[in-house]
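See structure below.
Note that the chains are named A, B, C and D in the order they appear, and that numbering of residues resets to 1 at the start of each chain.
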Amino acid sequence: MLRFLVRRIIGAVVILFLLSIVTFVLFFGVPRDPALMMCGKTCNPDAIANIHHVLGLDKPITEQYWIFLHNLVMGSNQFAQGPCPAPCFGYSYHTNEQVWATLMDRLPTTVSLTLGAAVCFLFVGLGTGLLAAWRRGTLIDKAATAGAMVISSLQIYFLGPLALAILVYQTHWFDKPDYTDFTHDPVSWFTGLIIPWVILSTIFAAQYTRMARSSMIEQLQEEHVRTARAKGMSRAYVFFRYAWRGSLIPIVTIFGIDLGSLFGGAIITEYTFGLPGLGNLAVQSVFFSDLPLLLGVMLFSASMILLFNIIVDAAYAFIDPRVRLS
Amino acid sequence: MSRGGRHVYSALSVLAAGALVLTGCSKGGSDTGTNDKKDQQDAKRQQASIKFGGTADSTGPAAPVPGAKSGGAMEVLQRDSYAHLDPGQIYVSDEGSLATLLHRGLTGYKTTSNDGHQHEVVGDLATDSGTTADGGKTWKYTLKDGIKFQDGTPITSKDIRWSIERLFAPFINQGPTYVQQWLADTSGATYRNLLKDGPYKGKHLPNSVLETPDDKTIVFHFKKSHPDLPYALAMAGYAVVSQKGDTKERYDKNPVVTGPYKIQSFKSGKSMVLVKNPNWDPKTDPIRHQYVDQFNITFNQQFETSTKSLLADSGADQAGISFNNQVDAGNLSQVLHDPKMKARTVSGYQPYVGQMNINMSHPAMKDKTVREAIAYALPITPFVRAYGGNDAMEVAGGLISPTVSGYDAAFDPWGKKKNPGGDPAKAKALLQKAGKLNMKLTFGYINTPEGQQYSTAMAAGLKKAGFDVQRQEIPAETYYDQVSKLNNNYDIFHTAWGADWPSASTVLPPLYDGRVIADGAQNYSQVNDPKINSEIDRINTITDPVKSAAEWEKLDQYIVKDVVNVVPTAYYKQVQIAGSKVGGLVYDDVIGGVDPRRLYIK
Amino acid sequence: MTTLTKEAGAPTPAGTGPLLSVRDLHVSFKTEDGVVRAVDGLSFDLERGRTLGIVGESGSGKSVTNLTVLGLHNPMFTTVEGEILLDGRELTTARESELERLRGNKVAMIFQDPLTALSPYYTVGRQIAEPYMKHTGASKKQAWERAVEMLGKVGIPNPKERAKDYPHQFSGGMRQRAMIAMALVCDPDLLIADEPTTALDVTVQAQILDLLKDLQQEFGSGIIFITHDLGVIADMADDIMVMYAGGAVERGSTDEVLRAPRHPYTWGLLNSMPRLDSDLGAPLSPIPGAPPSLLNPPSGCRFHPRCGFQERVEGTGRCVRERPLLAPDRASACHLTEEQKRTIFIEEIKPRLG
Amino acid sequence: MTSPIDIEGGGTSVVVDGEPGPEAKSEAVKLEGRSPGQLMWLRFKRDRTGVISAYVVGFFFLIALLAPLIAKLYGKNPYTVYADERPELFDSAGVPVHPNGGISSEFWFGLEPGNGYDVFTKLIYGIRTSLMISVAVTIAVVITGILLGVAAGYLGGRTDYFLGRVIDFLLAFPAQLFFIASMPVVVSLFVSPRDETPTYVRVVALIIVQWFLGWMGLGRILRGTALALREREFIEAARVSGASSWRIIRKEILPNVVTPLLVQATYLLPGFVTAEAGLSFLGVGIVEPTPDWGQMFSKASTELVMQNDITYMFFPGVSMIIFVVAFNLLGDSVRDAFDPKTAR
């Protein structure tokens, strides 16, 4: 187990390292200049050169990258804005905030959105999927299958604005979604996130319904499940003990991938509902050519994906005794 | 929020709004056609001419706001967190509004009416708005007695000197540069060479430039006449910084203030609490009040959110306001049509004027008939439409905004106020006369949703007049950089410009003086007209601000009507709302929003 | 819950009739391509303590028949007609709960591939203990002890420890032994072994077969042994039924069927078997053609498209027109006369078999 | 010693049929004499859902193909600014004054809030743009998937290891974030920021960006298939007989990966359509005035629409739902036709 973790974490770090290089290169490929945006009203070449110097953009790109890596691991006291403890991504060009602090500041929104939605879509999605598999071929199954098919084809950028238009703008039944810290006001936290939760989890639930159903049906055709039936075990027992156990592998895999990418910022969802999470931060960093922020979000999102990959692989060992972590 | 863009920075606000809140700046609102009355009312609103006050005008305390009471805490809902608190870095409107409570400079604007439309420039820290004996080359200021920083140390001329000198340091890169350039007698950023590292390495400006003969006196020496210095020094960017308390870059988060309020706490991106500054003496201040005990500012309040909270008018929000948030486009028509709600709103112009520049450096544009054809053909409706309709934009006649001294509401040379859709028939006739039918016209537009929308429709309108329009997109964040390049490809492109102080001297000279044409300068249309140039020089020496305002307006009409290097498009408007317990609610034309200094709780 | 005593499960004149009696069984599936008649009019009996071998190619309906006995077919897509009597009790119409009580208890099954037939997620011991708990009401501990005991009985060394292992930790032969232990844990009356040795290598095969024979001695169960391996069947079975395209074509004692087969298909089967003592150069002669589609089976005798003896049948085209019936007891479903069958086998087939 | 067969004595046991398998699942055998392609076609034709879906999908492609013709017959184009042409139909913010988004006998699907484009022509041209991009991405992904997947699977060894790591690396990318971050870069590779960005540049950029992070899934599947095929006897035989790797891949492997390829491609395409629309929705894809499905969603989510009249929303929304559902159903049918065993 330990060896597995160490090996996987080393692998993840290598990938993150490569990713940071790609992002760096990508950023310098953009023909935009952050200095132009910080330059103010009386912008001219001297002022731009000056900003370049202050930001360290006049150094060669390799040196800039090296400084970035060094700061990330060691922290830095070199920033004009103040000290920057490790993990130091530096200060945002645009807001002058510490990038790590900004990420941590936005994280609760994304975590609230993701966890709330995940709870909903797991229960609803898997529940419906299991029911459909259990009642395979009946009207319930057909309705659930058809419903899931249509709903999972919906897009958040259609369903989201539609819900906003109807529930917020036209009827005024709900407030526009917004994030309030849970510790600050749990009620506002809940009411502010309810629409994004419902919309996000509706689409995901439909996908999980389809997945749970087909995976259960596949498992129910496994020979060992037939053996269990031949032993005289009841249908429910076989369904929930034997088939379910086998279905867990694909479900956990997809769930891990989904959680990883959602934790890294549900870009379209947050953008649609104007939630101040990591996804919106990402969009913002791109539009402002805010390299420190962009690198921060990119690496954070990728870390989430990799983290959940590792968690999923570790989970396999608990689900399936055949899997040995090494 | 600033629509359009005063400069690069504001263009970004638009972009930020687009990125942060999907709908933040994307208009909406269905005016039902009954708003004409309101528009006429607005047309009457305009800045009366501003004069420079003497010692008597500059003596505190400020005349009390009628009905004002002391005490209470006011909730302030703001969208953007303050990025800069260091006066030297303050330029944009959000921080400018806040600065009226925190920072004091040598001069300031005193409102002489209770409606926010009449102002005069008076001495703030100084005893008067400045004295000059040589037509604006040498300006002398004397500090008042009893003025202190928040820590109790008295403000001396050394601090003023320090405040000016530090603006030459490299880390100060966001604020205004007028005074620095005047002192160095140069344009662009070369002024920094005068004092490369600011005062931080022990060097100072020579006495021939900035002189402090004693603790109370400051003398500015300019090579040329600059009668606008009292205006310039009233900008937050020239407010005083404590020499002792200067922490360079870190000052930006924690400044030593001089105004009636000081910062109790500031959690960037979350909240800020302002409390009374005991070391502020009302007797020294002719401008500000200190009615409210405490301002509780919360950030990340989008326009919809703040509007909704203030409309709901319950709990703490009854004493709630936003310094800078507008009523969001979605709620605008509802608010304006409900008299009860409308009573809690104030509305006014932002200082920006939108204008379509015609690139005079392109040979094809040198033909005045062609330019006239463009002026006739250009539809303004797409622009108004893209930014939210008549509630948010008003079709412009001239280049001087209603908030600026000297505005003439009757001026409308191309009939845009009557017929904002343009006059393609007339334009086509002109074009035919010039023999340029189907000439190519390259239209550079800002690549934002709004820019995409209005440029497409404007291009369609110009096509009807017989132009072969080629649209070229320009990335939003480098838009102003691109269009201010001398050899750009664009025949026409839209910019917006806001006055830095309510005089056309910050509008016409930077935009139309043919001698400042340079890469990155703001003479976007690259016009170099001898009459404009000589008029600028002439008016710049007029020391009476009222007289000069009238002359600027004449120059404005000459540019728009006779030179035709630019077509004015629209004045930017906004509506703000406050809770029912907020008193002293006034839209201040100079601040370009609610005046925070006059607020009290009923 | 019923007990496992044999008397209690036999309300009809107990012990007199056959243990299992299948009468005119028809099983068909609905598939996307049409209706597949997997079993088409099959009848046979199995006495207690005896072993019936069922031989046939893939698709001949052997496995389907036996899954149907246990009621393990998917009721949504399957139609079952005819009778299956276990100890006189009708199974085709039995309720699911009743079938559940029988499965693993009175009737147990051993599957072909023990790797896929055992759940990878649970220990071998648990999987053996589960049906015991269910059918006897034993406690978890008792059931576990029983599982260990059974593992010992089927020859797993150190059963106490190995019961805690997962199937993938067992070797192929051991897995099949565990499978057998699982099947026998409740002393079933009827054991259906569906190609239990096909997936094993030859040495292990023999061990498993020996084990099964020993256990049959001990438990006295009736066994249905499905295979397509004639060698195995010769070793195991008392009686043989040869199936082709969903029906039985020949039936008789092992000796009779293997020594004097009477159906052209059986001849073909024997013919296609390699022999150690035959000439190296002598070619094997597989049955020509491919097994028929059960979606659209051939008319008349199902075997006629592949049969080389049609023209010897009296009456032209009789094989095509008329389906030959299988008489009870020793019989074969072919239109050839008994005399023809005997002479053809002795004169034409046997010499080739060597 | 095993299975002493008493009749003949000493014969080894024999397996009658080569591949033992569950009998119930051998329908394929019964449709003898037909090629797998014909079988697939037969099965597909019998699947009514699949056939209807195929018609719907075909209908969309037909619309896309014939958009200019339809617009011509209808007499409008998606670029006319009706807000200025017919100002009486709009208020000053560009919202159609007539109810239901300005639907009338003249404007069948109403008018777009803002500049007032004709929604009907905008939608059909939008579908045209989106489908064109997605089809191109699919083709690019399929080709890459074949090249890299088959190469990794067939060549194995170092190539396989290297490509495997590349795939791992690319899969760790936050895809959406990468898309929005790289769109401006890719656009800038084609034009200098000073020049006009023609629509085709944005289209090409969208194709490249989506292709870059789109091929890994297919690549992995094809690698698996090729890996399995490599061990099969007929490949072994071809190799022993001295055929070159290229020849083996071309003649033996490629024909055998067509099945998974076709199934996967059917699933990929609607995914690319929705992803492309997502990018345009975020404002980094196709922009006004070029009609595009995603750009319509972006317009539909402005306050102008949400606050006033939501009719406009339904045209891109409903048409996309129909398209995606039909395509997914088609994908299921294609898969089932190839591989009837898979549970549904």
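Worth pointing out:
Just so it is clear, contacts are C-beta pairs under 8 Å (C-beta built on N, C-alpha and C of every residue); 3 or more make two chains touch, one makes a residue touch a chain.
Bear in mind the structure is a predicted one, so any value in this text is a computation, not a measurement.
Distance from per-chain Cα centroids to the pooled protein Cα centroid is smallest for A.
The chain pair with more C-beta contacts between its two chains, of A-B and A-C, is A-B.
For the pair subunit C and subunit D, the distance between mean C-alpha positions equals 48 Å.
As a whole-number value, the distance joining the C-alpha centres of subunit A and subunit B reads 41 Å. If you average the Cα atoms of subunit B and of subunit C, the two centres end up 93 Å apart. The distance from the centre of subunit A to the centre of subunit C, with each centre set as the mean of the Cα atoms, comes to 54 Å. For subunit C, the set of residues touching two or more other chains is empty.
Annotation for subunit A: residues touching 2 or more other chains are 32, 169, 271-272, 283. Shared contact sites, meaning residues of subunit B that touch two or more other chains, fall at 18, 22-23, 330, 475, 478. Listed in rising order, the residues of subunit B touching subunit A in the complex are 6-9, 12, 15-16, 18-24, 81, 83, 91, 170-171, 173-177, 188-190, 192, 248-250, 252, 268-269, 300, 302, 304-305, 308, 330, 475-478, 480-481, 484, 518-521. Subunit A meets subunit B in the complex at residues 32-33, 36-47, 50-51, 53-54, 80-82, 94-97, 102, 105, 169, 175-176, 178, 271-274, 276, 280, 283-284, 287-289. Note for the complex: subunit A touches subunit C at residues 136-137, 222-235, 241-242, 245-246, 319-322. Contact residues of subunit C toward subunit A in the complex are 70, 72, 76, 96, 100-105, 108-109, 111, 113, 116-122, 127, 130-131, 134-135, 166, 168, 179, 182.
For subunit B in complex with subunit D, the touching residues are 18, 22-23, 26-33, 328-330, 379, 381-382, 384-386, 388-391, 421, 447, 449, 452-453, 456-457, 460-461, 470-475, 478, 482, 488-489.
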